[in-house]
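Note that the chains are named A, B, C, D and E in the order they appear, and that numbering of residues resets to 1 at the start of each chain.
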Amino acid sequence: MRIGVFICHCGTNIGATVDSAGVAENAKSLPDVVFATDSMYTCSEPGQDGIIRAISEHALDGVVVAACSPRMHEPTFRRAVERAGVNRYMFEMANIREHVSWIGKDKEANSNKAFELVRIAVEKLRRNRPLTPKYFPSTKRVLVIGGGVAGIQAALDCADAGIEVIMVEREPSIGGKMAKLDKTFPTVDCSSCILGPKMVDVAQHPKITLYACSELESVSGFVGNFEVVIRRKATCVDNTKCTGCGLCAEKCPSKKSFDRFNEGVGTTTAINIPFPQAIPKKAVIDKSFCRQFVKGKCGVCAKVCPTGAISYEQQDELLTVQVGAMVAATGYDLVDWKVYSEYGGGRYPDVVTSLQYERMMSASGPFGGHIKRLSDGKEPKNVVFIQCVGSRDVSIGRPYCSGFCCMYTAKQAILTKDHIPDSQSYVFYMDIRSPGKGYDEFTRRAQEEYGTQYIRGRVSLIYPKGDRYIVRGVDTLAGAQVEVEADLVVLAVGVEAAANSPHLAEKLRISYDKFGFFMESHVKLKPIETNTAGVFLAGCSQGPKDIPSSVAMGSAAAAKAIGLLSKDMLESDPQIAQVNINRCVGCGKCINVCPYKAIREIDFRGQAKAEVIEAVCQGCGLCNATCPQGAVQLSHFTDNQILAEVEALCRC
Amino acid sequence: MPGNKFLATADVAAWLGELSKTMRVFAPRNEGQAVVYREFDAAKGLELRRKPTESAKHALFPRSEELLSFSYLRPAFGAPEKEGETPSDVSQVQVKMPVEPMPTVVFGMLGCDAGSVTTFDPIYDGSKFKDVYYLKKRQATVFIVRACAEVLSTCFCNWVGGDPANTKNADVLATELSDGWLLQPVTERGEKALTSPLLKDAPAASEGQATAIHDNARKSLGDAPNLEGIDAALFSLFADNDFWQRQSAGCLACGTCTYLCPTCHCFSITDETSARNGVRLRSWDTCMASLYTLEASGHNPRSLKAARLRNRVGHKFAYFLRNNDGQISCCGCGRCIKSCPSSVDIRQIVKDALVQAASIAPPPPPQPVAPAAASPKPAAPVKGKGRTKEKANG
Amino acid sequence: MSVLTGKERRIVGFLCNWCSYGGADTAGVGRFVQPTDLRIIRVPCSGRINPLFIVKALLGGADGVLVSGCHPRDCHYAEGNFYARRRLEMCKNLLPLVGIDPKRFEYTWVSASEGQRWQHVVTEFTKQIHALPPAPVFPESPEIERLAACAGE
Amino acid sequence: MDDELKGAIRKVLPDVDCVIGWGPGPDPLRSAPFFMRKPEEVDAFVVGPLAVNNPAVFLPEYKGKKVGIVVKGCDSRSVVQQIAEGLVKREEVVIIGFPCSGVVDIQKIAAQLGQDIEPGMVTSLSISSDKLTVNVKDTAKTMDMADVRADKCASCQYPNAVVSDEFVGTPKEGKTDDYADLAAFEEKSIDERFAFWEQEMSRCIRCYACRNACPLCVCRDHCVATSREPHWLNQADSTREKLFFQLIHATHLAGRCTGCGECSRACPVGIPVGLFKRTMTRAAARLFDYQAGTNAETVPPLQTFATEEPTIKEREW
Amino acid sequence: MSRNEPFGYYPGCSGQGTSAEYDSSTRAVCAELGMKLQDLEDWNCCGSTPAHTVDHSLSTALSARNFVQAGKQGLFDIVTPCPSCLKNMRVALRNMSDEHIGPQASKLLGGDTLQEGHTIKSVMQVIHEQVSANEIAAKSIRPLEGLKVAPYYGCLMSRPQGLMQFGDPENPMVMEEILAAAGAEVLPFPLKVECCGASMGIPLNEAVTRLSGKIIDLAAALGADVIAVACPLCQMNLDLRQGQINRAHKTHFQLPVMYYTQLLGLAFALPHNELGLDKLVVDPQPVLDKLANQRRAVANAMQTEGAA
């Protein structure tokens, strides 16, 4: 081999604590190295040109760049060597910035360590083989999981681009959390007025198929060729017959059913259409309240239904579809705030969540837009908002900021004043986080125009006294304990990953963080992609975000899916496992452990052998570490390569 | 006989210590539950009663030895003078030969072990090939053979022309008497080795005592069967897969028999490299392993252990004979039987082969035509060289 | 020279690309100063790490080996670190039998965001290795040893 | 019991290619693996303290054919594990079990015989329930069976076949395994252990009998010990490489080894290589509550995982 | 540990003075419930407030010595009525394994060493764990029927959560369950774990009157007949300082503040002198009267029922 080595100074980032020129000089002693130099900014255009020039002048067939982390610039340099006609996998990086120059001040030790890292990169490169990606066809159809605003946006964008979309929604209607909101910040426009048309578009778009009351059962296959099984849960209503007339709900005798859509504010009927704008507008039976199921007899809805759509015997249905890409937009849930016993832990009826308050304010809500207390139906005058309930709290394992509570609290304070002009709102806050277009102005309006009292401090106790509540907290700006008498307390409850997110993540084979939020592929540079090719993220499933960000992310996920499926053939990463059929004994251990089911047993001249399904393999190398004969080798991370690296470190 | 020396039991260690000053001295000692030949170390003792677990062949044919070492020199750096020219920085290789072997004495080796050199010599010192690595060691090594007073149930040197007091290839024959050792020089080189003042002239009666011991051992070996025609028998059974499958059923296909065998002499060559440097090693190989005959194509003519056992027995009792004047390349030490984890008994195979061959084609023709299926080519003189093995990295 | 004599010990790190290598990057970006002894070998996943790499390093003269992967449940490849945890734990059980101090090998989980944790782990592990005598070396054959002596010149 | 076993073998013979058991060996102290195809061959079948070899090692060779096998308790665990891992198909093997009262360790007999008599000099022997008498030339030497019994038998938990199609005799009570051998070894300091292996491994001749005698070695002819791709070991004659091979073998057998002890027994130079696997076996038992070769339905612990591992005490940093 | 084996009993300094009635009622109730209390010999201050604010090692050593003393008597499971003692002695057990404080405190112990296996719990927790509600009900021959009790734990019983292991730190329910078993009507008392002002009585009397005032105020507003307490300091602030509170806020509360053990003692019909009712500042007579009236009413009702 003829290897060229390039040691970067990265200005003074590396140069200040590593003798880059000295490392380059030493690198000339390494085997197969025929060229070595140092360079000021290797990633810059002149830097890359230098590599390209050296490749042609010295007939290099492999390149090592010692610079920043390969997680930063490996793709950049791979493209550069490819431009010079060298296979892009005949390239290795030594990380002498993040792992050397930035973490140590001793120049001698740093330079020595940098040289060591170059040495192992050279040893690894000597055992690299040129790799070429394979191509395979894909299914031009996208699965969108979750019909909140992010999912709706992703679905509409994909469908408008001409790609078929299948949308799966767990609830009876799409719309997600946004459909429950009264108004939205910072414009205070009506939530359902802006979301409603989009929901209708979903229902009417010829390219979109919507499955409500459905969940993902299982996923197999791989990017471009996923096979998805959808479970359509029995709603006891035949959607092909139901016209959404609502007669059934009107006549339903079980009127004390839990109202999920209204967050338990008020009750509903056992058979219901969750809200007037629901999409699909089909009735659904809640079996835990329906008398037909609870008591075994009733049948009122079946009798009154003009189209005979009620079918108590309906069973779950499994549906298999082929898709090329998937968008996970499963949204969020509220933290279980009842862990806070100092806020009553659910014992006080007039301590409500922000989302309940949205329903209490909403004109389409159970109170028809007139705010009243759940305890006695009186109109509250003093309303206290407490922020960061379940956010930024290490003690309950929710250390993160939920992002949008500051804003909706301001909105709710404003709306409270609009609804009840003689009311007074108080907001206990830790910090006001309003970094968005028009956001900070909005919170100021709440204070200045609407007279909301903002008190910087936490609340330590809420307790009832008479028919009011004493909210005791601290005003950290005044340095004093404060007590506010409140008629209603609204908790700005924080956000957590939707229930069962980890379970779904495991089905999708994507990672999730310790809070259950799905993990993006790279926090900055690949915020939409996941570690499983062809699975993209949108909305709060990835982490808390407000409506504009969710919509933007929905569009971004759509763009990624459209981009992926715009190609007729997809390219696979060639850094995958390969079976040396001569060494394989067909013991099947690799098949057992492969997380992707990417290895199958084949019959080779009467003997069992393992075979890697190239498009499925993700290159984790678990099979390689499992195979006792070393018959399965992960390209570019072969046993011999790692052994050579170990040896280079130990032997010298 | 003049030249016979006597070494008192108490002086053995002292004498070996004396020899160690100028030579490498190999002598058997206990290690764990095994008896092995090691460079003499008075502190670690000697074992001159129990029969050594391994043979002494590594004195001439180490388990692994350096044939040569090499380095790729650092190329001259710099771009070519004119555009379009090939760079002139092609690596040069520097090769170094290993150091010369030390003069060596193997003390206390068994007669069968010494006899086995008869198998090595035509291979490594043959008319076609001279193996310098072997020859230099052979010339620098003195064999002091210990006559067996006791024989084991696995001993059968008398079947193959050996003897408990074998002197073939020996330089000195040593026999343990009641109070010391009678050292009888066999060669001039042996005589020269016996010059220490610790060695006294042997009393006259000692030779007779020694002979009595030798005779006693010979007697306890019992009668040897007639192995005449064994080569023909084995050739005729070459294609008798059923026979070999039965014989090899219990074989584990490990290398114990061949690595303990004093006459097995196969090797493989590998380059071990590190950065710009490398060393070429010759190390023992075994025909009992599948890899031994694995071809680069992936094809393996001896993929079954039956074929491999056939090769081991065949080589010792047939193929080698044909090329080496009827010399059986087994010295009858019985180590392959004694240490076989599966109790495979080469004597039984040989006997069974004679019976089986007689039953299918009595009597075997004097010059049997090789079976049509595969022409059993006698082993190439230097077995290892013809082998294909993946090349070392680099 | 792979390590600075007297100052450093040979410490080999095996880091998964997605979490721990990223965590080490994060530590670098945060300029969290660490001892210089550790040399990192990047692997895709802790599940790729054959425990025998660790044994090989320790028999070959490494004073310490540090393995780090994604936190359990956060594996980029979903399951790799679960397998790794079992294998590495078994490996830790084997080392003392052959006379290798089990303190020479540690494994842990560091995510891409845990720069500070990485700094802590490296600092503590390096301290731990410096507290031990230099690793004993199993004898190699003289020919091979000679190779090593002049390697890289 | 011999006759009953022979009867069982004869009964099975017509249905199988052969029955694997033990037959006469090359000297009085040893039996040999025995492959019986015809009823008359069964006469030479031997069983008892000399039935040392583990016949399960041969089973995978017969994949695709139906064979019978006579097993001691320890041998049967190998068979069970082979079945669990798909190396052997349950329907292709007829298992004949019997209660085993332990087998001899020829090295221990050698030790009893003393420095001047080798096992190879023994001309005949007789065995009673707790004594073993050997004759060397004209003298007889009697030893307690307890003194010459293999180590594994002292802690044998399964003297009866774990699984069998035919079982001959009254099942025996198993003992418990407290890993006393490992505890004894662990009396040594870390440095002493290092020195011990340095000394022991130096006489390894790399014959790989330990590996080939192992009934659970799956690689067989494709062992990494001699491969170049991957190149785990060089071919130089060094303690490090030899020891490393043992660690490879132990790692590959981690959680799979059933403790039949054949590796140690097969070693021609008497290196206690079984200790490596015992260590892993103990760890698998402690960490995963797993005992290989006791249930063909289980997955070996290193080929599966649990999301929570309560027994793994990870270091807190 | 079962209640048949003796517990080591650590009364704490308050039990010798300001809360002698807590000590005596605790002993009486435990005896009635069959719990054997064996006094620690030669015990000393637990190292609470004064010591732990200046020297952690000394504070730890003081508590540790008490455990050492107990160990000499073969007592390893200690109980104490006082939450402050409990907290400090638990902290001491934890500190003894602290790498800095442990060795220093050990040095202060002189020749004694602390053995393994010591535990300490509050008497309340032990009663709750060892005595079933049914048993308490059965012992309550004069049940507290009709008595409205505001249970007040004070700040220390449940905090810090990790150390005290006393259920929900904001809403413990142990006292409620015990007193309800004795027949009382236990009110949901939102201020049950609020601060009484504790030892600020001397340096900042206003703090006590304000904080304790709120507690009394709410209890009264809820219609409580009595505030049940479990801490000597709380009791002192609510009871002894009730007059100060009234003066400061121009109120006229006369709300009895009793130890839960005293209330249990009443239910068990234990002699009043053992319960130390005479030690209370706010006269508990209204409580006794209410109970007596209630009993009478019940008896009358039964009689009428019987007559009918």
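Throughout what follows, a contact is a pair of C-beta atoms (placed from the backbone, for glycine too) under 8 Å apart; a residue touches a chain by one contact, two chains touch by 3 or more.
All figures in this text were calculated on a predicted structure; none of them were measured in a lab.
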Each chain counted as touching chain A and chain C at once: B, D
Most central chain, judged by mean C-alpha position against the global CA mean: C
Distance between the centres, which are taken as Cα means, of chain E and chain C, whole angstrom: 55
Computed distance of Cα centres, chain E from chain D, in Å: 67
Geometric centre distance via CA averages, chain E-chain B, whole Å: 91
Distance between the centres, which are taken as Cα means, of chain D and chain A, whole angstrom: 53
For chain D, residues that touch 2 or more chains besides their own: 220, 227, 229, 231-232, 234, 236-237
Where chain B touches two or more other chains at once, by residue number: 64, 272, 274-276, 281, 393
Sites on chain E at which at least two other chains make contact: none
Pairs of chains in contact (touch as defined earlier), listed by label: A-B, A-C, A-D, A-E, B-C, B-D, C-D
Interface residues, chain D side, partner chain A - complex: 85-87, 218-220, 222-224, 227, 229-232, 252, 299, 303-304
Chain D partner contacts - residues on chain A that touch it in the complex: 580, 583-585, 587-589, 592-593, 626, 628-631, 633, 638-640, 643
For the chain C and chain D complex, residues of the former touching the latter: 50-52, 55-56, 59-60, 72-73, 79, 82-83, 85-87, 89-91, 93-94, 96-101, 106-108, 117, 120-121, 124, 136-141, 143-144
Residues on chain A engaged by chain E in the complex (per definition of touch): 340-342, 344-345, 347, 461-466
Partner chain A, residues of chain E touching it in the complex: 168-171, 188, 190-191, 194, 218, 221
